[in-house]
Each structure stands twice: as structure tokens, then as C-alpha cells.
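For reference, the structure discussed in these notes is given below.
In order of appearance the chains are A, B, C, D and E, and numbering begins at 1 in each one.
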Amino acid sequence: MSRRDFVAVIFFAVVAVFLIFGALKMHPFGPVEGQDGFDAEMDDHIINNAQEETGASNTVTSVVFDYRGFDTLGEATVLFTAVAGVILVFRRLKK
Amino acid sequence: MIYNIPFIAVAALILIGLYTVIFKRNLIKIVIGITLIESGVNLFLITLGFRKDSVAPIFTSNPDVSQTMSLPVPQALTLTSIVIGVAVLALMLSFIVYIYRHYKTLDVRKVVGGDDE
Amino acid sequence: MALAEFFNSLINSLDTGSGFWNPLVWGFALLIVFLVIYILRGAGKTSYKKGTEQTKPFLSGNPETSKESMHVKGENVYWGFVKSMKFIYDRFEKMHNGNVSDYILWFVIIMGIFFLVLGVI
Amino acid sequence: MSGMSKIVKTISNIAFPFVMIYGLYIIAHGHLTPGGGFQGGAVVASACAMILVAYGSVWTMGKIKEKRLSILESVGAISFIVLAFLGIFIITEGVFFKNFLANTNLMFGTTVAFQSTAANINTAGVIPLMNFAVGLKVIAGLFAIVLVMAYATSKIKEGKTK
Amino acid sequence: MNDIISFISAHLPAFVVAVPLLGAFLTPLVSRIGDKSRNIFAIIITGLTSIFALLLANDVFTNGIRTYVFGGDYATGQTMVRILFEIDAMNAFMLIIAAILPFAAIVYSWGFMKEQTGLDKYYTLILLMTAGMLGMMMTGDMFNFFVFLEITSIASAALIAFWTNKGNAVAAAFKYIVISSIGALFVLFAIALYYGQYNALNMAVIADSIPVEMGFVDKIALVLLLAALAMKAAIAPMHMWLADAYGRAPSSVTVVLIGTTLASLYAGFRVIFTIHGNQLEQALNSWTIFGYEFSISLANMVGILLVALAVLSIFIGVFMALKQVDLKKMIAYTAVAEIGYMLLAVGAAIAVMGGDLEATAGYTALKGGIFHILNDALDIGLLFLVAGAVYYTAKQTSINKLGGLARNMKYTTVFFLIGLFAVSGLPPMNGFASKLMIYESTFQINPILSIVAILCSILLLAVFVKVFYSVFLGPKLPKFATAKEVPISMLIAMGIIACIIIFIGLFPDIVLQNVVTPAANALNDASSYIAAITGGI
């Protein structure tokens, strides 16, 4: 076991311990409204007003394309970027 | 405590991914580790969206709209994150193709990219 | 009016806590110094003629070598400093192997240190 | 890579239209049922990838060039961002990404109350149009990625790398 | 006419990001027409973006914080469900950098990239990099920041691998995308932690809802954000990707890469000062040893950590730069040292932050550090452009094989001298003003810091004197007998940056009073940033 692996194991264990303790300190999975410090204000606002504001019966689509439509533009841009990058990497170098 | 099993699974996925990136030698395995971290984060996002005995937030021919619905925003974020992960994966794999073309190996200790050879 | 304020602000000097810094004052001082140096230079030796033996490079009688070999390579500049700092440079060379797993390992190490400092203390 | 056996080609020929119709259905009903532009586009792109696997990348590259695909993708992206820009320019007091068709009884403009609705496709304003734009973009993009990578690696396998 | 101006100024934050995106989407179509039209189109789009960014910055500096909500109207205090851009003086300060660098890069590429293939994708990606950088600098929404971070990372990685016939370029690109994707994933993890705790994605709302007594999950999110953004900002010992990426990418790409790195650094400052600004005074823990009461606040702890990393960055950057034989890698390690200077000043400011910052020397340190961000972007950018010009002429960047280029390339030599003076902190260039502020303020905080800073600055001067000697001076080598001056477009690009450097160097007080001090104040008080969204704390 080299020195590098020794140091790696030690700090990896530190990170692991903290992440798992953080997972235990989160609010319980599947919380109930109002209990254990959980209040879904933003999402309840979306669920109650999505149909009047956007007319979409699918709330997730109304979030994707209306409430957070700018993220969707960025996401489409990411795909566009990846295509451009792959075509650039596999291009022909000679004219 | 016992309710947080999904969060512990998320932490475990992320740690397995980090382990793969740090201790494995093959470039393909490093990419697999990155996708493991990404799937862990996606699982965390979609886990946060669940509420106790809730249904999907869709009103089309929904029998009872008064029952609690799961949160819609984390599902949208997960969709975005998945598409971004696909893009990153495609680019990394095409880089690996070129690296193998140049170095004739996939060992991370040999792909160091020193000064001009 | 605004123009006057602008020109006033041009000559303001930068306040750096305890001191100040004004490039225009500095440039004026530099001009004076150059003037003094020019005067001193004018008082120097005047029997210097171009195109004579005085301007030829004199390598203690040896013939002049080629341009390539006369140019000191960039790697050889400061070789003494690099040699004396070898104990540091060995560490750094070991640190800078282009291994991407080690880059991520450094990230994990820094993250662990931050966790220990901010979480435990 | 070269193509596969005749059985595979026939089966993929038969399965291709069904997969494509299903993907288009997912794109078109994105604002009513689970799914949307990305998911349906991924389904259609997987159908194209199936054709690519069955017939081989060289044949497919002979049929359609990746330059055409990138043009198609930029057309989808431009239509998406233009729909976003129209939110500024069409209506007064509009902002970027304003849903300027919702609840105006124009195209896709039927007003919906907070209720369990029957599937009415004529709702949700610009969201179906954005679904189609993103679907076009995702189809072209994913198929371009798969096609280019398969073509380049097949050329590596045959030895003529440069 | 007048209402058109008011219309544009009303939608400026959207235009600043949407115009380069539209240009990037249009580039494949425009490049069907011809190469010249494509180059002109790219220059027009970038110039328009720079003009919009500067107009927005001017508006913010005069009228205060601007917010722009996408897809709907928003009244202060109601539930924040939509994405919004929030631009205060600090964002406006970063916008100035993002307005200068990509324009110079695009103008430079006209001559620099003439012989290359795949240029339509090149221009597309560099416009996407610009859009992502601007979005990172302006957004007020955490997840939106992550999306722009990924856009920037993917475009940068594809452009770093531009010269695919060199194996080390592709290897550098692979390292960069591994680093940036892991960093971005941890940023997303922290964002998800915030979301799960407070059910909000808006920076101001999160900062408002984090309790002053931080919980364990908040600490974990803070650590993840700090570590990931520090890696993205190339702070030692997580800086190794930067040497590869900067050294292997084409110079015109490297200039934009500098902007993206500084955008990540800005995001780290935003996390510390704004999102956790209320908890900075909070005491992490307190012991009583021998009756003495010791107590360390979060500000002390984070500041000490940042200062330690900064000193390490300066040290490693300078020492490695002294040993490199490749010109671009040498400048890259210098960039690491310069980032260390900024972090040193701002970290010292955080460490002494208690009560009002204006009273202490930390205020000068904060101003100096923010001022140095602008100077570093300009200086390192100019040096990389000069290195690209050397590569364009001599087709190599190894300083062992170069020499005597000053006889062929006079203007390039002058530009290199300007960059040398600026980056090594010699008067009267702009680097001296900010470095002087950093030295004096850190001397009042802790003398050792300023001693280290001054010594390493002297070593930086030594590094660049060596480069100047071995690349530009010396006898005229026969193999460069036919070397010519670079094309006019590259000279124009270098001249733009050089003129700005000389202006800031000659009149530093104008920039300090009108740009840097408002940015420092905006970064220092988080309450107004939060109050612009939530309507009071």
C-alpha cells in the first residue's frame, strides 16, 4: 500500500463519515407537510396555480417550460454544445 | 433514522463514484465513476421530491385533485441534470477515443500529456 | 462642469490605506532622474568612434562563435537558483504528475480538511 | 461498423415506424401526460440509432451527413429561442420566456381551471410549440452524436485513422 | 427612438445572455454563406454583447441593483418560483471583464485561426462560452448557475482539444472535463441540500432562510460549494488542470478561459459573502482554557483557510513558473499565482471581518483584491495573446528553441513589455496599483503575508525577464530569419487590451472610485442584495 493510497483512504473516510452524517441529519424521507421543519412553499404555489397560469395539466411540464423555462434553454444549449464539440473533435484536420 | 435510508443510499453512490475515480486506473472506469456520482445526485434530487403518500403532480383525468402531490420542481431539475450528464458523457468518450488513438493506452498513469513529444 | 470634475479626478492619487500612489507624480520624478542621468552621461568620455576596432566583440583573442551557440537557452537561465532549490522542486515535480486521479484526490483532501475544520471545531 | 444480418435489418425496418410514432406522440402530448420534448426526442433518436446499428455507420453516413443534422438542430434551437423572444416582442409589458399564448383563446389558448381536466390538447400556450422545437433539436442532436462517434470509430477499426 | 432605448434598457439582462446564444445558434447557418461573413457575424455578435454588458454595468453603477424575472412579473415579497437575474455592483464589475475578453479573443481569431478547419464549430463554441460566462456572472438562481457552469465547462473542454493532432491537447481537455464535471456535480449536490432544507433555489431566498445558528447540513453544503468552486477557480493544490488547459488550448480560447475561471472565483465570493453572510459573525465554538475565553467565528475560520490556500497558490505558481520551458505553461502558472494574490487579499479581509469592515484594513484589502481581479484578467490575457503571436510566427512555444524575435516582431515585443510590467507589478502599470493596496493592507493585518507576496512578486519579475531575454532578445537566429510580424487583427486585439492596461495604470483612482469601491461595498453588505428580492430581512 503506497503512501498515496494511505492518504487517499484516510481523507476518503473523513469525507464518507461527514456525508453519511449529513444524510442522517436531513429531514426524514417522505416528510409530512408542516411536520419536522418541512414546508414546500414554492412547490405548493406551483401545484395550486400552474393550471390557471400556464394552462398545462402536467405540472412538471409547466415547470420545465414555463416557470423554469430559462433552465430548459440552457439545457438545450448544453446538448447543442455537446454536438458541436463532438463534431469539432472528430473533424478532418486537412482542408 | 430509518426513514433516511434513501439519503444514505445517495451518499453511498457518490462515495462509490469517488472511489472509482480515485483508485481505478482505466479511463473508461473513471468515466463510469463520474456517471455514478451523477446518478447519485440525480437520485438525491428525485428523492427530495417525495411526500408521504403522494401522487404524481398531473391533473389529466386525475380522480381526486385534493390529495397531496409530490413536488414537481425536483423532477424538472432531474430532467435537466440527466440531459447535461448525457452531453458530458458523449464528450468524454470522444476524448477517450482520441487519447487511445494517440497514446495507444488507457492507463491514467501514462496519459499525462507532458511537453511536446 | 462634469468635465472639470473628470479632469480633477484624473490627478487624484490612489489611497492605499496608509500610503498613496500617483502615477503622474511618479512619471515626473522619473523624468527628472532621466534628465540628471543624461547630463552625467554627457560628461563622459568622448573619444568613442563607431565602425572601428572599439565596437568589435573581443573574446580574449578567440574567434567569434556562431549565433546559435552564443544565445543562452532559456532553460539555462537561473540554473543556480533551481539547483539550490532542488529540495523544493523535487516535491513539486512529484506533485505535478499529470495524473487526473491525483487531481481528484487533491480535491477530496481539501474537502476533508474543510469538513474537519468547519464541522468539528 | 458494417451492417448486421438481414434478419436484423428487416426487424428494424418493421419496428422503426412504430417507435417513431410513439416518440412523436410523447412529444405532442407533453403538456398533458408524462413526457415532453426531451423524452420523446430521445425515443425517436433511439429509433434512428437502431437503424444505424442495423445498417452500419458508413451506409447511414452515406444517406445523411452530420452537417445536415447540425443544421436541423440549430433550426430547432433557433425556433425555441425565438419563441422565448416573442414573449418580449408580441405583447406589451412582456418579458423573456413570457407564455404569451396561454389563456388567450387563440391557438393552444383554452383557459383551464384548477381541476381534474380531460385531456384537451388545445391548452398550455407556447408549451406545445416549445415541446416540438426541443423535440426536433434533441432528435437531431442525439442522432448526430451517435452517428459521428460510430463513423469515426469504424474508420479507426478499418485502420485509416487520418 | 427614445422608447426603443427605454425598451432595450428594460430588457438588458435578458439580451446580454440571449444575444450570444442566438448568435451561437445562427452560426452554423451563417457559415454556409462564407468564411468572411461568418467572421464578421461573430465579431458583430460579440461586439453587441459587449455593448449590452457595458450598458447594463453602467446602469447598475448609477441606479443600483437590477432584477429581471424570466417569464412573468414578480412583486417583492411573494413566493419566488421563477428564475431571475439579479445584478448588483459586484456582478457589474465582473461584467466589465466579460465584456472585454471575448471581444478581443474573437478579433484575434480572425488572423490566428486562418489555416484551421472546423471554424464554424469553433466560433459557435466560443460564443457559447461567452454566454455561459455572462450567465454565471449575472444569475441569481442556484440551479441556473449550475446549468451555465456546465455550458461553460463543456464548451471550454471541446475548445481545449482544438488541436486534436497533438495528443497532450486532448489529454488536457479530458482532464479539464473530468475536473469540471466532478466540481459541477458537487455544486449540484450542495444546491440539492439547500433545496431539501429550505425548498428554495433563489440565492437571496436561501440566504434569507438560513438560520444564523448554522445546522450541520448547511455546513456540509458550504464546504461542498467552497471546495468545488475553489477547484474550478484553480486554487492550489487543485490548480494542476489549469497548467494543462491554458497551456494546450489555442491562445484565443485561453483568453476566454481566464474569464470563466474568474467567474468561478466570483461565485465562491458570492457564496461566502452573500449566501452565508449572516452567519459569518457567528461563533463556531468557544473554549475556556486556563480561564481565558477563546472563540472562533466562521469568518475567522474561512478567512484563515483561504489565506493558507492563497499563500500556497502564490508559492507553487511562482516556483513552477520559474522552471517551465514551455512559454504558455509558464504564463499559466503565473496565472495561478495571480489568482493567489486575489484570494490572499479577500481572505485577509474575511479573516478580520467583524463589526463594520470599513474601520479595519480589511476594507482596503477587499478593494485591492477585487481591483486585482480586473488587472489579472487583462495582464494574463495580453500575455497569452503575445504567446499566441509567438506561436503563430515561430510555430513553437518552447523557450529553448526561441530567440531574437524582437528584430522581426516589434509591436509584439512592445505588447509583451507592457504585459511584463503589468503582471510583475512594476509602476506605472495597473498591476502595481492593486498589488500596492494588497501589500499595505495585508501588512497591517499580518506582516508575513505581505512579505511573502512581495518576494513572490519579485520572483515573477525574474520569470518574465528570463522569458523576455530568451525569446525576444539575443542574436538573430537563422531559422527565424524570415519571420514576419503577425496579421493586423491580432495586433488590434493585443492593442485593445494594452490600451486599457495603460489607462488603468495611469489613472487608477478613476477605476477605484467608480467601479471597484461600489463592488466592494456591494459584496460587503448582503442585506441589500437579499432585500431586493424578499423585501427586508
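We take it that a contact is a pair of C-beta atoms (placed from the backbone, for glycine too) under 8 Å apart; a residue touches a chain by one contact, two chains touch by 3 or more.
This is a predicted model, so every value here is computed, not measured.
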Touching both chain B and chain D (chains): A, E
Chain closest to the middle, measuring from C-alpha centroids that were averaged per chain: E
CA centroid of chain A to CA centroid of chain D, Å: 22
Cα-centroid distance, chain D relative to chain E, in whole angstrom: 36
Mean-CA-position distance for chain D and chain C (Å): 56
Length of the line joining the C-alpha centres of chain B and chain C, rounded to whole Å: 46
Where chain A touches two or more other chains at once, by residue number: 8, 12, 15, 18-19, 22, 26, 40, 42-43, 46, 51, 53, 57-58, 60, 62, 64, 66-75, 77-82, 84-87, 89-90, 93
Junction residues of chain C, two or more chains touched: 98, 100, 102, 104-105, 108-109, 111, 113, 115, 119
Residues of chain B whose C-beta touches two or more other chains: 14, 18, 21-23, 30, 58-60, 73, 77, 79-80, 83-84, 86-88, 90-91, 94-95, 98, 111-114
Chains that touch, pairwise: A-B, A-C, A-D, A-E, B-C, B-D, B-E, C-E, D-E
Touching residues on chain A, where the partner in the complex is chain E: 18-19, 21-22, 25-27, 38-43, 45-46, 53, 66-71, 73-75, 77-78, 80-82, 84-89, 91-95
Interfacial residue positions of chain A with respect to chain D in the complex: 48-49, 51-58, 60-62, 64-66, 69-70, 72-73, 75-77, 79-80, 82-84, 86-87, 90, 93
In the complex, chain D residues that touch chain E: 70-71, 74-75, 77-78, 81, 84-85, 87-88, 93, 95-99
Sites on chain C touched by chain B in the complex: 97-101, 104-105, 108
Residue numbers on chain E that touch chain C, as the complex places them: 171, 174-175, 178-179, 182-183, 216, 219-220, 222-224, 226-228, 230-231, 237-238, 240-241, 243-244, 284-285, 296, 298, 301-302, 305, 309, 316, 319-320, 322-323, 325, 361, 364, 368, 399-400, 402-404, 427-428, 432-433, 436-437, 440-441, 444, 462, 466-467, 469-471, 474-478, 505-510, 512-513
